[in-house]
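Heads up, there are several structures right after this.
In what follows, chain A forms one complex with chain B and a second complex with chain C.
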Partner chain A sequence: MQQPATQRTPLIEISEIHCRMVGECYPENIQEFSSPVMTELNKVVPISGEYTVDLELFYFNSSSAKFFFDFFEFFEEKAENGLAVKVNWNYRADDDTMLEAGEDFAEDLERCTFELKEVPMESSSS
Partner chain B sequence: MLNNETLELHKFMQTRRTLFCYSGPLSEDLLTSISNPVRQQLSDVDSTDVVAKRVFGVFVEQAQNIIRYATLRSPETGDGVGTIAISQTDEEGFLIEAVNAIDSNKRTALENTLLELSMKDAGELRKMYKERLRSGPPEGSKGAGLGFIEMARRVQRFEFEVTDTEEGPVFVYRGYVS
Partner chain C sequence: MSIRNKLLSALVLGFTLIATILVYSIQRLQSAADDFTSDSLAQTYSAAWLSASDAQFEQSVEKFDPELGSPEVVDMWDPTMNAFEGTDGDNPLVAALRDEDLENARGYLDFIFEEAVDLEEISFVMAYTVTGRQVYCLSSLFLHGADPCSNQARPDFFLNFDSFLRTAITAPTRDIVRITDIAGQKPLSINDALSFGVQDADGEPVALVVIGKNLVDNLELFSEDFQVRLAVRSSGQSISLDDYYDDGGSADVEYGVGNLRRLISEGEQRALESSDATFSEVVPELGVSITSIPISNRVTAQEISLMIFKDQSRNIAQQQQTSIASYTTMGAVASAIILLILVLTWGAFSQISAAIEILRGMARGDLTLEMPGRNKLLASDEDEVGRLAETIDQYRDQLLDAEQQRLNRARGRQERDNLMFEKMENLAGELEGSAKDMMIGDIEHMRQELATGDDETKERVSIELMGVAFSRMSDEVSSLINARTEELVRAKDEIDSSIRYAARLQNALLPKEYPGDISFNVHWRPRDLVGGDIYFVQSLPDRVYIAVVDCTGHGVPGAFLSIIARSVLERAIDESYAQNAGDYLTRANQILMETLSQQDNANQKIDEGFDGGVCIYHRKDRRLEYAGAKSSLFRVSESGASEIKGDRKSVGSSRASGGFTFSTHVVENPDGAFVMLTDGITDVMSAEDRPIAFGRRRVLRTLQNAAQTTPVGLVDNIMTSVDLYRAGAPYRDDLTLLAFSINADDSEVVVRDVEER
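And then the complex of A and B:
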């Protein structure tokens, strides 16, 4: 799955080894946004092996927070069942909001490896 | 004088240092359209990226409250009708305001929620947000039930009021971000 960023949704890449999201997330319709992503993850994320999740979010609204909560719950379950999941939470320097959000999501993840990574202000890579 | 009200409106907005104001039916489509101009205005005035993002975050939550919960709806489209504005203040940074009609049955619950939020510190709000995220939306919520907590976390302080009008109760929210 390859989905370019829009004004209100992040760039999304999902493969058998890697999931990446970069940008902002405050979709017009959270269900329409989240359903295809979760469906794709269910389809392609393997049972065992290694998997990397790279996130670099600049902003997400409260409706999207629930999506990310479910997103991480999905990977936590995969990790519990034997997939080695590495999550990179990239946040821009000075962005306390996204740092706090990362810390809070990390708190619920016991089986996934979660790393908070400070990136320069203008970065758009992982 | 052609029309005194028009000039007064202009003066009022200028004196108030209002960067953006919209009053009328609000939809997600419209929110998409106004997002860029609002951000442009915020970056044009003297604000850091962090502050601009917080202001925008509060603005989005307020807009979505109007879209989802305003009881006055446009007869043509069904969109929620409300007023939303961002202004600069002398002492407290940006003021983000929203006004919309609400359901009189929901009035007490809304007032209690906001009163509770107004008494919480940053750590308590953060904890509350997390707990709500885990427990899922409360009954009657069309979003995640997180909007007001999110706003409370982004503002330095907020004020709210429910005022009675002939058409029913009207909800006023004012959040300050600096």
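And then the complex of A and C:
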């Protein structure tokens, strides 16, 4: 799955070994945005081996925050069942909101490896 | 003249020409062959005749020749011998002749010739003295024609006797001698004669002897041998064997040859016309060939010729038959060829003519004409006409296709036109006045145009009709749209006024009065007219509840939820005990869960609820308690700015079950100022491509640097920073910023009106 960023949704890439999101997330209808992503993840993420999740978000609204809880819960379950999941939470040095958001998520994750990564302001991981 | 007629004319003309040339050539060839045949016939006859007459001459006449004759006869002419008596001495015959002793001379001559004459070996013998006196004449008893010895007889050599005598005396001479009966009683006698002189011992001529043999016998023999009839032409007159027998049978047919007189005159005519009177010619009308040859080597044919009449009727008939057969065959073949070509060209050209008619028909638009059937014996589909027919069929098929397409187009156009008319009439029905008249006029005009004219005109008119219909309809539609737009504007106005009304309602739910012992300043700004943010101040005698919450969603849905949230916040207040902030928030959570029955529908994860913080100020203890759901309380005091973080759970969230207990943060000695806010502040984004949220740290920093620490000053400060930060970028969310400070002097509670926003 490959979906370019829009004004309200991030770039999304999902494959059998890797999931990546970059951008802002505050869609009008969170359901419309989240459903295809979760469906795709259910379809392609393997039960064993290694899996990398790369996130670099600038902003997400509260509805999206709930989506990210589901998103991490999905990987937490996968990790519990034997998939080695590595989550890289990228944030810009100046962006304490995202740093804190990352910290919040990190607290909930036990099985996944969660790493907060400070990236330069002009990071171009797109 | 059509090509077919030209072709046929050329054909007939060509055949005629070829036939003419052929007939002419055949006739020339025939003529040449005839000439050849005639020449060879003449030569054959000539050779046969001459050899026969030579043989006769040698056998009967020549033995009396004084030089070439038989020895006993030769001796008889020798003047130095007396052969008669078998002694030497003078020849008595010579002497008698010299002496003109006629009696003795006759006796000796009789001795020599009598037997031969009697036996008809020779026809006559004459003897003359050198003076020309006849001394002896003996002729046969059975003579044909004039008797040479008669008084009436006139031998032809009499005419020039002297030269004849001189020649004959010098050397024996063979010649043709004609003897005419001057009385005209007997026919001409023609003889092969030998003339020679008799000499004495001195070599002096003493007499001339002429021995002749009538040619009649030869003629009869020849006639029989060659199955021909004969005539001898001499000095302009002719005689035939009939003349000698005088049986009047010249009209009879002999050897297939009749009418001899006519033939003789024909022969004489030809002899006159001919240069040498030697010829052989077939006279088809008489059924005979006429051949003329010299009767002897000694004379020319001009003088005396033998005419031979041979029956050629069978040959002529055969030739004619052959010719007729040839010409008939030729004619038949030519006719057959012409007929065949006639049939072929007739077939081909009638097909071509039919094709022309069909094409003309097609040009008129008549596609029903078919090529006529063809005779398969003489025609095939592969030949020119067959291909022509095939091409025409293909062409017709194309035309039929085109016609079908044209009809389809016309039908489609008519349907379309009818639809247009219907719509226009409908439209006209709805109109009034001059617009109606104009449209009806348009319709009438178009109908008339479409009723007449060819396809092209109809197509053009139809397109015009569409254009007119479209322009009329678009006029109407645009007026309709204008009407609709007005409706929409009205509806929007209604909605807007509804929303404005809702906003007024929501405003009405905001605190109307604040307790006098706490200073407030609030910046409440829904993104739209209404929003999910709400703040709540409830003053009880012993405590004051202050809440700032951000309900899920924004706009009207957010506003609905905010009403529920406000009700929940109200209902969660328990006056019966010293409810602390954590208890309060926990209770609010429970009530909200119950209200929205989210526990029952947990599986559906309807995460409706709110984030936010609540403060409870206990007046008596001068204690401020704080509980937060994903929210912080900021404090600005002499020791600087600080943040008191709440729990990381939302109220009403499926993640915060009804049993979740929010913790209470206590601020003893609550001096300074406090700031509560929703994420509408912290989530203000910078105006970059990859924006960064304003964040709590910037809030803290702003508070830290604030010169004015009054609620009003703090609110102004933060809003100024936020506005600078977003640099014109739109607000993404509702925002609420509430600052308060607890008055130091523990004065009594004063209720103060809230200033209108």
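The criterion applied here is as follows: the second predicted complex is superposed on the first by the 125 of 126 C-alpha atoms of A that agree within 3 Å, B and C clash if a C-alpha of one lies under 4 Å from a C-alpha of the other, contacts with A are read in each partner's own complex, and residues count from 1 in each chain.
By definition in this document, a residue touches a chain if its C-beta (ideal position, glycine included) is under 8 Å from a C-beta of that chain, and two chains touch if they have at least 3 such contacts.
All values reported here derive from a predicted model rather than from experimental measurement.
**Q** On chain A, do chain B and chain C fit together or clash when superposed?
**A** Chain B and chain C clash in the superposed model.
**Q** Which partner does A:K86 reach: the first (chain B), the second (chain C), both, or neither?
**A** neither
**Q** In the superposed arrangement, does A:R111 touch chain B (first), chain C (second), both or neither?
**A** neither
**Q** Touch check for A:H18: first (chain B), second (chain C), both, or neither?
**A** neither
**Q** In the overlaid three-chain picture, which partner chain does A:Q7 touch, first (chain B) or second (chain C), both, or neither?
**A** A:Q7 sits against chain B, while chain C stays out of touch.
**Q** In the overlaid three-chain picture, which partner chain does A:S62 touch, first (chain B) or second (chain C), both, or neither?
**A** Both partners, chain B and chain C.
**Q** Could you look at A:E28 and tell me whether it touches chain B, chain C, both or neither (first, second, both, neither)?
**A** A:E28 contacts chain B only, not chain C.
**Q** Can you check which stretch of chain C gets into chain B in the overlay, out of 402-410, 456-464, 528-536 or 582-590?
**A** Stretch clashing with the third chain: 528-536.
**Q** Enumerate the residues of chain A that count as touching chain B in its complex and touching chain C in the other.
**A** Comparing the two interfaces on chain A, one with chain B and one with chain C, the shared residues are 26, 58-59, 61-63, 66, 69, 94-97, 100, 104, 107.
**Q** Considering only the defined contacts, which chain A positions touch chain B in the complex?
**A** Residues in contact with chain B: 7-8, 26, 28-30, 58-59, 61-63, 65-66, 69, 94-97, 100, 104, 107-108, 121.
**Q** Enumerate the contact residues on chain B facing chain A in the complex.
**A** 28-29, 31-32, 35-36, 48-50, 53-54, 56-57, 60-61, 64, 126, 129-130, 133-134, 136-137, 143-144, 146-147, 149-150, 154
**Q** Name, in rising order, each residue of chain A that touches chain C in their complex.
**A** Residues in contact with chain C: 24, 26, 58-59, 61-63, 66, 69-70, 92, 94-98, 100, 104, 107, 123.
**Q** Can you name the residues of chain C that touch chain A in the complex?
**A** 550, 552-553, 605, 607, 611, 630, 648, 650, 653, 655, 679, 682-683, 685, 690-697, 732-733
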